[in-house]
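Next come two complexes built around subunit A: one with subunit B, the other with subunit C.
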Partner chain A sequence: MMFDPQVIIEKLPEIGSGLFVTLWLWIAGVLGGVVAGFIVATARRFGGKIVNAVLGTIVEVLRGTPFLIQIFLLYYGGPFVGLMLDPIPCGLIGLTVYSAAYYSEVFRAGYASVPVGHVEAAACLGMTRFQTISRIQVPEMALIVLPPAINLAIILLKESAVLSIITVPELTATVSAIGSQQYAFLEAIFILAIVYWIIVELTDRLGRVAENRLSRLRFSKA
Partner chain B sequence: MTPKLFTLLLEAALSTLGISLVSIAIGFVIAMLLSAALLSGKSIYILPARLFISFFRGVPLLVQLLLIYTLLPVIGINVPGIVAAIVGLSLCTAAYQAENLRGGFASVPPGLIEAADVAGFTGAQTFIRIRAPIALRLTFPALVNEAIMILKSSSLVSVVGIIEITKMAQDLASSTYQPIPIFASAALIYFVINSAIALLGRYAERSLKGASA
Partner chain C sequence: MSVPAIAIRKLVKRFGETTVLQDIDLEIPEGKVSCLIGPSGSGKSTLLRCLAFLEEATSGMITINGEALGFFEDANGRRERLPANQIRAVRTKTGMVFQQFNLWPHMTALGNVSEALKLVRKVPKAEAEERAMVQLRKVGLENRAGHYPSQLSGGQQQRVAIARALALEPKIMLFDEPTSALDPELTGEVLNVMRDLASEGMTMVVVTHEIGFAASVGQQISFLDHGRLLFSGPPAEIFAKPRHPRLEQFLDTYLDRGASMLA
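Right, the complex of A and B next:
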């Protein structure tokens, strides 16, 4: 067997459409996860013991079980409870819920990193809880949560490859299908690995740039 | 969901546990070699180690497994699927463990290394007796987290046909047509194992702290 990536490169438009599905599912999943994760972390912090315990258990279960099992439960189990989902919406919901659980832990650590004195000072100044969150706690935790948030985004990009198993037409599914059609499976998987590697490295670099910008912004005003 | 089905899942859990434990152990050895390479100060060792870590952290595990699964026969290595699965998981966790260890090795006080040097330790002796034990103690919590990650990631070897919890659950779900109870039970088994690992980890961490004090 000769290594001949040419047969794969001819299929560039198809690979592009798979890449597009991967990228938008990933970005939507991360954004949804950040928003939902922040809401969960905030509810756990201010919602009282019962809310904290219930949400905490859900988060632990989502973090303690494989993403693949969660997806199977949603995709194959959903129709039995009237939740008939196509692969793409199913993948998007699964990815968002999974990432929300992890992002909620990132924000929980973020809340814990803000000194109590700052929050008390805000209360003394008559700030409402919403004002304290938006003007004191969020800006102060931003620099702390950025590195783990970017790491998590990278993990989620890689996790999204799992969606190929429930036939979401994303990058992994598209490229491995081309590989099987062309009898060039090794070449296909090799190219697939390189594409992911490039996106991950780029995200990592961009994350570091964002971190530097943010820390300059944060400390130049001090 | 009958007790018989649950027993089948539990049996498959042994396979998941076995694959994960072996992969973590092999991955740990490779991670130590990678760390030694990174600390060697010689670029012929450092660059390949960096490339290895970057690649295996930058590519989805599913893609790595598919790559190894197709690559091994092509280069003339015919091994059973389970060996290919363990190779894939080991290489992946090695990269992550090496990255964790990097932080640990960076926190070893330079004075200790200089002291070992003055005391006549060779580079290898300093690594084995001073740097590695300290780094290991510092990165132990990260190692426990990595064990949990690998246990969850091992669900992906179902894709290459290895019978473990996930593959068993898939087969049972399609033959009995009861996906909800079966996948929920599989999730429960993973969750219980992971909670047990986390608990043991915290216990071990306390005893490690006791040992160093």
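Right, the complex of A and C next:
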């Protein structure tokens, strides 16, 4: 048996459509996770003990169980509780909820990184909670949360491969199907690895550019 | 006799089981510089933070220019929390200066000073910056307006922080050990700005370890020890001999730190 990636590369249009599904699910999942994660972190910080405990428990469960199992339960277990979802919406919801749990932890650390005194100074000047969050806390934590946020996005890209088990026609599902058809499974997996790696590399560079831009604002060490 | 700038009545502050402030009664007259002194752990910073509503008193009441701060307590001791917008309004009558400056690192000096004008007073940007420049000029830093906090010395940062606190034109300025985080060489420029403010008739409450400053600029000295206000009065009276034994003991620790002229 020869190692011949050519038989896979011939199927470029199909790979492209799988890549497209992966990219939009991933980007939507990350954006949704960032927004929801920020809301969760903010609610945990300011919503009182009960809200913090309830959300904290949900976050712990989501972080404490494999994504593979969560998505399996949501897709195959959902119908038992009346939740019938098509593969793609199910994948999108699963990815968003899972990433929200992790992003909420990133933002929790972000809030903790802003010195209490900076918030007290805003309060003394009569700023509202919302003004303090948007004008002081978020800009101050931005540089702190950016590297872990990018890192998490990269992990989520790779986790999105799990969606292939609920028949989402994303990159991993598409390419491995081609591999089976062409009797070239190893070649398929090899191409797959390269495609993921290219996206990760691009994301990483984008993250560095953003980081450099942000750090050009001169933050004091205090 | 007009309404005092700040009136503190039967103020108690507890953190859990620990009583940090016990039955503090104090009136701070308008236009005067009032210094809170005492050993560390005496509760003087906590008292000041109560005045800025950064700490909520356990019981008792504070009024700022006759308006209740945070809570209203009637004669029967029934206490009621005031609405958030009312609390914000009363808070902006005071400006707070912190030991650690607490400037926002992502904004320039001008941004730090103009921010509250824009957000809280809804002043248009151009006018807010113009008014912020007036305050920066007052602390001698108009030529540092475009600098970020990390590009300024400690003394300059504290002067920007004073300008920021002055931006909303408060009637009262609160200072929490404003020079304690500074090199001795840099304390002078901050104390000078504070002297200027005092000479303009600003009501000031200053928690300080600078006994020399308290004795020369302060018009009311209050001595706290173990959460109690032991005594309060004009410096001539407080520092005149014979002194209260606890104050004598406290001042002894300062003799080798520049307060020897009081000995």
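Convention: the second predicted complex is superposed on the first by the 216 of 222 C-alpha atoms of A that agree within 3 Å, B and C clash if a C-alpha of one lies under 4 Å from a C-alpha of the other, contacts with A are read in each partner's own complex, and residues count from 1 in each chain.
One rule holds for everything that comes next: a residue touches a chain if its C-beta (ideal position, glycine included) is under 8 Å from a C-beta of that chain, and two chains touch if they have at least 3 such contacts.
Just so you know, these numbers come straight off a predicted model, no measurement behind them.
J.: Looking at A:E211 after the superposition, I want to know if it touches subunit B, subunit C, both of them or none. Which is it: first, second, both, neither?
T.: In the superposition, A:E211 touches no partner, neither subunit B nor subunit C.
J.: Give one of first, second, both or neither to describe whether A:E14 is in contact with subunit B, with subunit C, with both, or with none.
T.: neither
J.: Answer with first, second, both or neither: which of subunit B and subunit C does A:A121 touch in the superposed model?
T.: The answer is second: A:A121 touches subunit C but not subunit B.
J.: Just to be sure I read the superposition right, which of the two partners does A:G64 touch: subunit B = first, subunit C = second, or both, or neither?
T.: In the superposition, A:G64 contacts subunit B only.
J.: Using the touch criterion from the header, give the chain among subunit B and subunit C with more contacted residues in subunit A.
T.: Touching more of subunit A: B.
J.: Figure out whether A:V81 sits in contact with subunit B (first) or subunit C (second), or with both, or with neither.
T.: So A:V81 only meets subunit B here.
J.: Following superposition on chain A, which residues of subunit A contact subunit B and also contact subunit C?
T.: In subunit A, no position sits in both the subunit B and subunit C interfaces.
J.: For subunit A, which residues are in contact with subunit C within the complex?
T.: Against subunit C, subunit A makes touches at 115, 117-118, 120-128, 131, 135-136, 139-140, 217-222.
J.: Spell out the part of subunit C that touches subunit A in their complex, as residue ranges.
T.: 52-54, 88-89, 91-92, 94-96, 98, 100-106, 115-116, 119-120, 148-151, 161, 164-165, 167-168
J.: Spell out the residues on subunit B that touch subunit A in their complex, using ranges where they run on.
T.: The touching residues are 54-55, 57-64, 66-67, 70-71, 74, 148, 152-153, 155-156, 158-159, 166, 169-170, 173, 179-180, 183-184, 186-187, 190-191, 194-195.
J.: Which part of subunit A faces subunit B closely enough to touch in the complex?
T.: Result: residues 1, 60-61, 64-70, 72-73, 76-77, 80-81, 157-162, 164-165, 172, 176, 185-186, 189-190, 192-193, 196-197, 200-201 of subunit A touch subunit B.
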